[in-house]
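Think of it as A, B, C and D in the order they're written, each chain with its own count starting at 1.
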């Protein structure tokens, strides 16, 4: 049994994570703590193998550092880390020979979509991304769309983007690394994304739909198990889906 | 048997139209003419009930006028008419009590998509349009997307458009009458459009795919029959799909 | 202000309906009653223009009869009526010159999908229906899929169904009126249906997604208003979407 | 420059393959032969590095044997091989230390779809397959759908299939390895397949559309290059998309 402690257990994500961990037969939920508790002291006391951290982004770096230094394995859900911070934490984990995960997205479906999109781009470099969310989402494109474009770009043979002539400005969407991004905002939609590839007389479309934030939970549970098999800190759940 | 003459029969669309008319048991193809022939003289000679005109846009107005004045019923395929020209031809048809059709699109599927989109917007005013074509299509959005937006706008209770904040310019697409339009250009795509409506906890999507320009032919054949039942000139095949 | 009473207000649908009616500026919620209350006496006391009934199917017929006889207009949500019962209630409503609605589905999107599907089938008779629900839905095909097939069949020029050869039994789906029906049962899906039409070198797809039963509420509110303009009882919300 | 000979060059696929190879700057088309020519003698004469074979299925085994024994690398497009035949040819290639490929499908998009589907099933075991073709395709399900199910089955943790109760027989489709398969046959469709995965509050859909058999050509060209880097014979283009 893998012993797991949840930090940020009073927040929505943390509470659901604790619940999901508690239900899994291979995991043992040893403690639920929150910002009022002392993280290092709690680790010393409960001796968890893994600490799941769903606290606020600003606390993420320090928490992860504390977890690693205490000898536990961090599974951290946030998109707010700087590249330098991730590098520093990776170095620390290496020194301690401890596995860890920082992930902006724990949805298995979304992470597979991104992984497949990056892979497909090696053979089908012509690609556009469409995402749809509810009108309450204020910023566009979504973080997932931007990250998908980054992952595609890291993999694909560059393809020249043909924007053509826009009769109405914005028709061809936004662009990141020559990949067009289109954002739809409609009521009745929770979170969707489709990545469309064009080839010779064929198209390939990878589509993800998310109904609810509890789609993250199977990914959190998976991460608690997989982190035990690693002795490095990785960024992105895709590294645990090899 | 309805007697049909095809003008522009050496062009691609005209040739396919003549072929489709010839095969239909209720239609009789009485003549195929082209720009070298005299349109009025040909009508006088062959006495067609209907003249299908697939010549170049610039000749369309004069041809339609000639057809009506000769007492035949025009079925004209072009998107190049000005509103004033359509109005003048409608007036002329009314005087002559002759039915006629000018249509930018003869695809039954595309015309039904536009008709349904306009109808749905009466009840679900939140809508966005995505269209996809091959990179060879230089201008965006497509004419069909723009016409769909016009038809929706004529029908819907206005809905405020929430653009939100664009982190990358163009993410929320182009706009016509507060309807976002998104254009995708990828190899392997011929012509697609989907109109997405959002409601309370539900979405409705109307999607059209066209593989080849011969998708126009059933619409041309239908128009040759329906035009016999009208004594007015209408713009848009949707008027024959009531 | 239209005065509305809700019967079955302690049930999930009734409670949400009462809530939605209460929020609408053109409707006034005058009473919420349940099976313990006397329906006829409540109508006599509160004098509603409209009675929304979301009670159990077995009570539906008698309730609707009572509502009409009391001079109010019924808006009844159930799929459990027999054709004879609908006919009898229509006759009664006619005698009393009272409008009414019995509807198996109040989702605007779903009802528009069915209406458009029936209309498209007049021009594109080749059609198949795919629906997807969660594995908790025990029976297949769904009621909406069956009703869509009925509506299509009432409208279309018959098209011969080519089943071809099934290497594995069931591949070509179920059949109602020569229309193939395919049922998908997967976790993560709430309720989806797509109606696919095939034409010459083109396809038209009408797709509906429902996230939650509260997608019914805008349809209930619309029905409460539209029922005031009718003096007949109709079956199916589509009659109010003309 | 890799020297390529095409066998079956008078057939449709062979002719297109020869054309595509001829246009590629890294490949040199050294000969086009057909059933009237002597395969072994032609290899001896033209000394190709690779022989692309698009002849009839019944000749495939013997041709592949001849190619390997002549020291060239076979790229064979057929779905007609028995497992024993593939095993025998693999053994022969191993002895000769020669790379080779036998592939039922050269479409990059279709092969990527199958590869991703097999991978996704490791994490999302609930899956159904829908495929659509024109009514001219007589057998259902398609070979691609069956092969997709085989690949998924080889990879996934088994998931119990809930068929539920079929009100109309066939609604839940055909089954292979507990994976439901649904076949749509409609005019206007060339070849489509979508593989739908359901997870916790999320779905992942992988969709492939093929317009024309020339979608095979980029895969054939890729195979001619990749086969040079292998010294074993593999079955399925996915082995060259690692």
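As a convention for this text, a contact is a pair of C-beta atoms (placed from the backbone, for glycine too) under 8 Å apart; a residue touches a chain by one contact, two chains touch by 3 or more.
All of these numbers come straight from a predicted model, not from anything done at the bench.
Of all chains, the one whose Cα centroid sits at the greatest distance from that of subunit B is A. More inter-chain C-beta contacts link the pair A-B than the other of A-B and B-C. Averaged Cα coordinates give subunit A a centre that lies 40 Å from the centre of subunit C. One simple way to say how far apart two chains are is to compare their mean CA positions; for subunit B and subunit C this gives 34 Å. The mean-CA centres of subunit A and subunit B are about 46 angstrom from one another, to the nearest whole unit. The residues of subunit A that reach two or more other chains are 109, 188, 197, 199-203, 209, 211, 215, listed in rising order.
Of all the residues in subunit D, the ones that touch subunit C in their complex are 126-128, 130, 132, 135, 137-141, 146, 162, 164-176, 180-189, 196-203. Against subunit A, the residues of subunit D that register as touching in their complex are 107-110, 112-113, 116, 119-120, 122-124, 197, 199-215, 217-218, 222, 241. Subunit A meets subunit C in the complex at residues 109, 188, 190, 209, 211, 215.
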